[in-house]
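Below are two complexes that have chain A in common, paired first with chain B and then with chain C.
Now for the complex of A and B:
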C-alpha cells in the first residue's frame, strides 16, 4: 500500500508546484502592474530615501524585469517575503507568529463542523424526502446563505452584549495573564463564539454535500447487496454508503478550503482574533503591501497544500483513485 | 418531483419563456419563496426614493439614534439614516452582483463550451486552468488585487467577475459533453454546420437553461464576495454597499445593534433568496437531464 500512496503523493506534489509558481508570478506581476513605483509600493507611504534605496537594491528593481522576477521567485521560494513596513520585522516571521492562532481556530471549527455536518447529512440522506430531511436541508441552505461576519456580529450582540455570557473578542482575558491550565481554559472560553461562527458556515456546507453524496451512494448496487446479505441498517449506512460518500466530503473540504480560510479572515476581524486574518486587515489598513502580498502567498500555499492532502486522503479512502 | 419527458432535446423555457414561471411554480416552497425574497430586495433598491425621504449620504445632528418613527432603522455615527443607507446600499450590492455575475457567467459559458466541444488537448489545458482558479483562495486574490490596483465599483466588478467563472465553466462543459453526442448535433454537422455555428445555434440554446441556475447562484456569490471586500475596508465609501455598512457597524457593535442588524438582514435575505431560486430552478431542470440515462 505504501509505495502506491507514496508515488501518488509525489505526483500530487509535482502537480502542485506549477500552481505555487503561478501564485508567486501572479504576485510579482501584480506589484509591477499596480500604479506607481514598485519600490514605493513595497516600501510603504513616504519612506525615507535610504529605505527606498534598500528596497530597490533588495529586489533588484534597477535590473531588467526577468532578473527581478528571478530574484523575487528565489526569495519567495526560500520564505523571504520582504520586510513589513509597519513592524520592520521580516514578513515571514510576522506571519509565523500569527499562524498558530488561525490553525487553532480553523482546526477546531473544522473538526466540530465535520462531525455534526456528516451526521446531519447522513441522517438527512437516510430519510430522503421526509419532513426531517426537508428541515435539515432548508436549515443548511439558510446557514449557507448567511454572511459569516454577520453571524459573528449577531452572536456578539446576543451572547456578549445582551446576555454578557461570553467575551466579545480577543484570545485571552485583557486583565490577568494566566498560565498553565487556567490559560487553556481562558483561550477556550474566548474561542466559543468565533468557532461557532466559522462552524455554522462549514457545517452547512459539509451537510449539503454529504447529503447529496449519501443519497447517491445509497442508490448503488453494493448497498442493495449489503442489505440483501442481512447487514444492519447502521452497518449499511456507515460501512457501505458513507465509506463511498466520504470521498466527496473530503474532496469538497479540500476544494472549498480557500473559502474556509476567507471565512476565518472575517471571523478573526469580527472577534479581534490575533491570527492571519487580522494580519490581512491590518496590512490593508496600514498599506503594508509587503506584508499583504506575503500573507497572500503564504495563505495560497496553505490552501494548495490542504488540497493536496485532501487528494491523498481521498486516495486512501478509495483504492480506485489510487491508480 | 417533476415528470420528465422522454426525449428533452431543448428545454421548454427556451421556446416558451413563460414556462420559467411554471418551473418555479412546480417547486412550491423553495423556488417561489426565493423569487419573492429577491423581488422584495430588488423593489426596495429600485423604489428607494419613494420608500424614504432621507438621503443616504446626508449627515445629521441626531447621531447613533435608536430606531424610531423618524428613523425606522436608526441613524449611524454621523447621523445618517440607516434605512436609506440599506435601501440605497441595495443598489450598489445588487448592481455589483449582477454585473460581476454577467462577466463570470459569460466567461464560464464560453470556456466551458469550448472545452466541452473541442475536447482533446484544448480541453485538458482549459480544465487545468479552471482547476487552478478553483483551488486558489478567490477572495484573498481579490483582496490583494483590489488593495494594489485600487478600490472602486468598476474594479470590484471586474475582479469578482474574472475570478468566479470556474464553477459555471465546469457545469457547462459537462453539459456540452453530453449534448455533443446527440443526434441533432450530428444532423447539423452533416448539413455542413461549422463549429462556430454548431456552438452558437445548436449547443448554446441547450446550455442556457443551466445558465439560469448558474446565474442566480453566481449573483448570490458575487454579492457575498463584494461584502467580503467591503468588510475588509476595500469598498467604495462614495457608494456604500451592505458590506460597507456592516464594516461601519462593527465599530459600534457594542453601542448600536441596529447598524449591523438591518444591513445584514438585507444581505442575508437577498443571498438566501437567490440561492433558493437557483435551487428551485435546478430542481426542475435536473430531473429531465438525469432521466436520460
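Now for the complex of A and C:
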C-alpha cells in the first residue's frame, strides 16, 4: 500500500510542477498588466526623470518583461520574492509572518465545517425523504447562498454590538496582553465569529455532497450485505456508507479550499483579522506590487498543495483510485 | 419427522401507495424447510422470489409491509426486536446475493469484510490474529489459493467467480443453520457456476446447512434440490419433490415453464416461451393469477382464486384443474 501511495504522491507532485509554473507566470504578468507604474511608486512623489530611470534600472524594470520574469523565477527558487515596497521587508518574511493567522482561521473553519457538514449530511441521508432531511437541505441551500461579508456583518451586529457577547474583530484583546492558556482562550474567543462566517459556506457544501454520496451508497448492494451479516444501522451508516462517501467529501473539501481562502480575504477584512487576506487587501491599496505578486503566488501554491493532499487522501480512501 | 427449521405461513409483502390500494408483490406464501434440506424456488422475474427470501431476514425495502408468520426454530421473526434479528442475521441465517460484483464494499479489503461477519457474532472476542487465521481458513475452504495473501486484496482485484466464492465464505463464516442463496450463480459463467454449486452442495453435506436456493435455472434445481417451490405473481403455485414437479408438473404454469427450457435431447425444436406477460402487481386481477395466459382456463379460473391444495404426497398445487402428470409429460 505504501509504495503505491508514495508513487502516487510523487506523480501528483510532478504533475503539479507545470501548474505551479503556470500560476507563477500568470500572476507575474497579470500584475504587470495592472494600471500604475511601479517605478513611479517606488521613486516617491515627483521624482526627477533621472531618478526614475535609476529606480527602473535598479529593479530591472527597464528590461523586457520575459527577462524580468526569468530573473524573478531565478530569485524565487531561492525563496527571494523581492522586497515589499511599503514595509521594505522581504516579501517572503512578511507573508510568513501573516500566514499562521490565516492557517488558524481557515484550518479551524475547515475542521468545524467538515465535522458538522458530515454529521448533517449523514443525518439527512439516513432519513432521506423525511421532513428533517428536507429541512437540512433547505437550510444548507440558504447557507450556501449567503454572501460571506453579509453573514459576517450580521454576526457582528448581533453578537458583538447588540448582545456584546463576543469581540467584533481583531485576534487578541487590545488591552490585556495575555500569555499561556489565557492567550489561547483570548484568541479562541476572537475566532468564534470569523470562523463561523467562514464555515457556513463550506459546511453547507460538505453537507450537500456528503448527503448525496451517502444516499447513493446506502442504496448499494453491499449495504444490504452488511445488514445481512448482522451489522447495526450505525455501523452500516459509518463503516460502509460513509466509508464510501468519504471520497466525495474529501474531494469537495479539497476543491472548496480555494473558495475558503478567497472567503478568508473578505472575513479577515470584516473582522480585522491579521492574516494573509488582510495583507492582500492592504497590498492592493498601497500598490505594493512585489508583495501582491508574492502573496498571490503563495496562496495559489497553498491551494495546489491542499488539492494534492486531498487527491492523495482520496487514493488512501479508495483503493480503486490508486494505480 | 423432526420440526421444521423454517416455517412460513401466509406470508405477504406489499408496498403502500399514495391514494391507491397498495401493491401486493407476495401473498399467501407458505412453506417449510427442514434442517439440512435444500429447497429451490423458481419463477419468472418479478414473481416475488427475492422479496420472500428477504422477508426471512427482515431485509425488505424500507417502504415494504410484511404480514403473516415466519418461524425460525419456533421463534416468530416478525416479532423479534431489532437486536434479536441482528443476532440472527449472519449467524443462524445468512444470505448470498445475486451479484458478486456489487455485494462487496469496494473500499474495504475482502478479508476485513469476511472478518466483520465473524467479529459481529464473536462472543469470545478473539484477537486479530485468530480472526485472520479463521478468514484464511474460510477462503481456503471455498477454494481460493494463497488465502492469507488474497484476504488482503480489494474486491476489484478479484474475478467474478472468486468474489462469489468469497461471498459464500462470508455467508458460512458462522456455520449458519440456514443459507439463503438468491440467484448465486446468475452473474457467473457456466464453469464457475458449477464450482459455486458444488461448493453449496459440499457445505450442505459437511455441515448440514439447510439451503434455500433461488434460481431461474431449472437444471440447477434438478441437480441440487430435493424439493422445489414454483412461484408466480407473488404466489406459490406448486410445491413438491423435485423429480415429481419436473417430470410430471401439475400446474399449467410449471408445465409451460418446463416447456420453455431448452433440452439437449430435443435440440432443434423451437423454444415455446409462455405467451403473454405476468400480471402487473399494481392492478388487481380476479381469479387465478395465471388464467390470462393459461391454455386450459375456464370461467371459474377468472372468478375465484384456487388455494394451494395437496395433490399427492408432499406435493401441492394452486389450480382448479391440475394437470394429470402423465398426460403432461407426454405432451
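The definition used in the following text is that the second predicted complex is superposed on the first by the 286 of 323 C-alpha atoms of A that agree within 3 Å, B and C clash if a C-alpha of one lies under 4 Å from a C-alpha of the other, contacts with A are read in each partner's own complex, and residues count from 1 in each chain.
In this text, a residue touches a chain if its C-beta (ideal position, glycine included) is under 8 Å from a C-beta of that chain, and two chains touch if they have at least 3 such contacts.
Everything quoted here is computed from the prediction, not taken from an experiment.
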Side-by-side fit of chain B and chain C on chain A, or clash:
fit
Go through the superposed model and pick first if A:320 touches only chain B, second if only chain C, both, or neither.
second
Going by the contact rule set out at the top, does A:250 touch chain B (first), chain C (second), both, or neither?
neither
Is A:215 contacted by the first partner chain B, the second partner chain C, both or neither?
neither
So in the superposed three-chain picture, is A:307 touching just chain B, just chain C, both, or none of them (first/second/both/neither)?
first
At the CA centre of chain A, how far apart in angle are the CA centres of chain B and chain C, to the nearest 10 degrees?
80
State whether A:196 touches chain B only (first), chain C only (second), both chains, or neither.
neither
I'd like to know which partner A:168 touches here: chain B for first, chain C for second, both or neither.
first
By the touch definition at the top of the document, which applies to A:157: first (chain B), second (chain C), both, or neither?
first
Classify the contacts of A:230 with the two partner chains as first (chain B alone), second (chain C alone), both, or neither.
second
Look at the residues of chain A and decide whether chain B or chain C touches more of them.
B
Nearest approach of chain B to chain C by C-alpha atoms in the superposition, in Å, rounded to an integer.
13
So in the complex, the part of chain A that touches chain C is made up of which residues?
220-222, 224-232, 239-240, 243-244, 247, 317-320
Which part of chain C faces chain A closely enough to touch in the complex?
57, 59, 86-91, 94-95, 97, 99, 102-108, 116-117, 120-121, 154, 156, 167, 170
Can you list the residues on chain B that touch chain A in the complex?
30, 132, 134-141, 143-145, 147-150, 220, 224, 227-228, 231-234, 243, 246, 249-250, 253-254, 257, 260-261, 264, 267-268, 271-272, 275-276, 279
Along chain A, where are the residues that touch chain B in the complex?
19, 22-23, 26-27, 30-31, 33-35, 41, 138, 141-142, 144-147, 149-150, 153-154, 156-157, 161, 168, 255, 257-259, 261-262, 265-266, 269-270, 280-281, 284-285, 287, 289, 292-293, 296, 299-300, 303-304, 307
